């Protein structure tokens, strides 16, 4: 045979907050779902009153459900740790919450936020996801990729926090439209251009990441571990 | 006073090959020129027969002259070192060639290609430009910035070659159109999308770099040195 | 015009503990003030009993007030988070405390401690200051610089914690004396040479940072972000 | 004289959990003890009910005592901070706990876990150990080395967390057998090959680290600081 | 489907000198060949008289042919650039030599030596291989992996040259024996333990890389680029 | 015994150009010599006409001889490769030139310039010195340290070239005066303050490096390899 091929198998996308998974991996989710893979999204945190009001929380979760349906997500798991407070949550609790998900689903592939993101919830989700994926039993996730999140990844400190330098590119030419549609469902999270969390920026990023590998649109990742 | 302001003063843009200066800093050149700064472009190499045929060389240089005129470049310096052969040129020769330019022009600001670019001509131009800008006399360039070049900067090895993580952003909202026009004059160097060296990618990069700092369009740089 | 120039505009210096701002940026503060810029210092923490006794706290704050007056600081803001306990303070609280200051002052330039410093209060102040300076609205600080602090920056782990490799140098030849004077007012924090927090070391650092850019004395910074 | 020589003097090995000190530095401990140096082990944490049951805790500590005796450890210090909860323990408490040990023992050499290890207890132990070893008085530890721990060091994120790239190698050819014996005493912590925490892997690591410097067996470290 | 899978497709292994491909990727070559993939080896350099004598050159090449046959290599390409002299060979020549091979074979996967290896031939082979694999046409290699070479990768300068921190692991449990056998055929290149280029070290490395991912034996790589 | 101690044994200092060894390690040389160690200096390059005139070359070498005598150097080896042309000298030639020196002297400790220095002669000397010190035989240098050179180390590109972050400090309190005296003998290389290559800067660096480890004066190094 003279072609290369990779199938991700059952895939878990870990999102610190709803919309991170769409910004970072919406096209890849849609592509995997269209190929018949089971894709799960675990939303790690939930806004808690009084910092977040119940109506906003409900609205964001409704948007997420709609967006996930559009992308073909099989199931959304709500882990309900407190948003913007992972640094105050016991580290062992975040670890075990994610470990439970990994044990229940036995995913072959896990997509995580980037450790260099500005938001501490992203950094701690990355760290605990790695603990949950430790290769210390026969079965464990074989492919771990970190995605980039507009309005988080580019706003940290160049050369002082870990830099996002992608080495994995997923062609999403056929799936960019559904990604955009899914993001538009997150009306509460979208901003007007030139904000990073706008549709124009999302399209520009897809164009740039695609062009790097001679494709119309791509999502880019940093590889954490791949066991073959 | 409660506003910040920076003026670059006389500016030298060092381009390993014609078009690098437009891809990396065309909008900034146009902005500086529109503000009355004197901007010079030094084109370090020239294709040499038989690897490059004379008609192509002449055509590229004509394109460069036209593009530079559009951007408001005051003077283009042709240093005529052999293209794709800087690694075979004596290092002292590249150093002294650039040193002569810096001595002649006494620029306050110098824009250089990025040391992590894939092309060895870019790497060596960066290195020699730094030698030429050494702060060992009272007068020397006070601001040195490295620009990114589509089809060079993104194609090197993530985490193994120096990564481009920009910390300086120049708002080129008012100058993106002239940058695009200047790049279109480089018909011999342009490619069709989704190639990195296409107008679509150039626009996407400007949108992304702009959005990072809440602007419609920007060019991004890595700071090498700023003396205040 | 053939000179470069930069004005910082209204400037906020963020100090985890009193004296960090003098050690790291005292000369720059004096220089800016002498040029007519408004410079504010935000002291993030305050020693709390019983770890710190009230007399010591009062004395240190009195020293700070005197030193700031000498440097020309327009106003000192006391944020009163608990010293040596930022790691135990809710991350959202540190973020919002700094965000309030940034909103109130709308500084154009912000000087922050270095993320690689040994003291966790420095690391967390850096992180929260960046959150407070996010470029997600039209107005935000355009220039963010990290300063070095003798007895913090050099004592962390080489190559394992972020390294301080300065790329911005401010000539403080005319302001070194007032910096030394201001530091001498911090009698409670000064140590005898060869301790890092001594006048002899402070002078040696100014000489070394100056010599790197051919000046009698300089303060050195790492650029976090500059929007032009 | 034409030979080089180094003696470590009184040595403190800091272990986040019992067995880290054997995995990372068991051979070096045995070597130093055999040369007449006083070696102390400080075990930073202790499992606490209900997460850990008392029988397991007692058993692990008994194993540690036996292993330390085999290696020639002069004294084991039990610091009894809560295991897997250092991130929830006040940072100042971890600092002062380690500072007390350093003050009491005045070690010349301190061996610490690696800051890039996956377990947050390792990261925080490293950080606090460095605070405890600050060179701000005439006497302080002159040599600080970070050791690698199988099942921690290799499982973090390549290029995103600090990487273990050893620059110090201790020949343990004569001491590998006692290291293996000591590790076998940790029956509760050992796993079957191909787990990282197995005797086979421990031997393979010793062979590889040794071969890098043309020795039958070695332990490898990253230097933090050496004052001569 | 709930399993992940990757096939490499036609694979090119680029070896600066004969035996690098066996040390770094011999097990992976055997595994791919056993799965029916076409694997090619390109040996970049050849010893030239008088630095190398003809008998030695002939012997090494004979050993390589035998080893490649054992591993199931479909064809060995001898590029015959001068060994230990790539730094004196025109960079454009190394580029075009490798480009010709990539064009002729159209591999989907390319394995290259590591850019941080001590030998400059390895560094320059890496650099030129990346130029040859640029993604600027529709077809190009989709997967590029850098392998480690005992007696090269571990001997460079920690933290100063690029560090080998593997993120891709190929299980070679079923293929370690044939890798060892192939290496034994390179009698001229093998050394006695504890030299790095010995069978004992090769086995220890396979055990360690395997244990990191809970396998009996593995080869480890750093990902350069993967396009999916 | 409760003290740590290190003796360097026979020591080789590799200097790309005369005066680098004094700037970077003059105090350490004097200290070692005073302790009875044999210290050798290998000067790698020599200015060649017409770039350098014979009188200047002779004068610099005379200065070096005088300075080495003052420091207690046992023997100076003149390797006479062409100055500012190491990049044009066959890499194998630089390797073998340094290998010959290492074989002849069998040093236990080797001090080398820093790979991140701006001058390519420094970078290539570092690289070839490492090749010459490969640990592939029973005997090889056990300790390799890289020194910093004023006017080279600080002038390269922060975060883009390897950064000098010292982890080894040698107390030269008793030897700073002779270092200064030796440097003053290099009248042809000295510059007036505030140039980096001035006595004032040399003293400031010694003070700063000393203060980091609570000593009056120190020289700082980055460890490359230490085998114990």
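For reference, chains read A, B, C, D, E and F in written order, and residue numbers begin at 1 within each chain.
Just so we're on the same page, a residue touches a chain if its C-beta (ideal position, glycine included) is under 8 Å from a C-beta of that chain, and two chains touch if they have at least 3 such contacts.
By chain, UniProt protein names: A, B, C, D, E, F = PIG-L family deacetylase.
All figures in this text were calculated on a predicted structure; none of them were measured in a lab.
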Centroid-based (C-alpha) most distant chain relative to chain D (PIG-L family deacetylase): B
Listed chain pair C-D, D-F or A-B that repeats interface A-D [over half of contact pairs the same by residue number]: C-D
Chain A (PIG-L family deacetylase)-chain E (PIG-L family deacetylase) separation of Cα centroids, rounded to whole Å: 34
Separation of mean Cα positions, chain E (PIG-L family deacetylase) and chain B (PIG-L family deacetylase) [Å, integer]: 36
Residues of chain D (PIG-L family deacetylase) touching at least two other chains: 135-136, 155, 158-159, 167, 195-196, 212, 214-215, 222, 224-225
Chain D (PIG-L family deacetylase) residues touching chain A (PIG-L family deacetylase) - in the complex, by the definition given at the top: 51, 84-85, 87-88, 118, 120, 151, 155-161, 191, 195-196
Residues on chain C (PIG-L family deacetylase) engaged by chain B (PIG-L family deacetylase) in the complex (per definition of touch): 1-10, 36-38, 106, 108-109, 135-138, 140, 142-143, 167-171, 212-215, 223-228
Chain F (PIG-L family deacetylase)-touching residues of chain C (PIG-L family deacetylase), taken from the complex the two chains share: 150, 154-155, 158-159, 163, 165-167, 193-196, 198, 200-201, 203-205, 207-208, 210-212, 214-216, 222
Of chain E (PIG-L family deacetylase), residues touching chain B (PIG-L family deacetylase) in the complex: 90-92, 115-116, 126-127, 130-131, 134-136, 146, 162, 222, 224-225
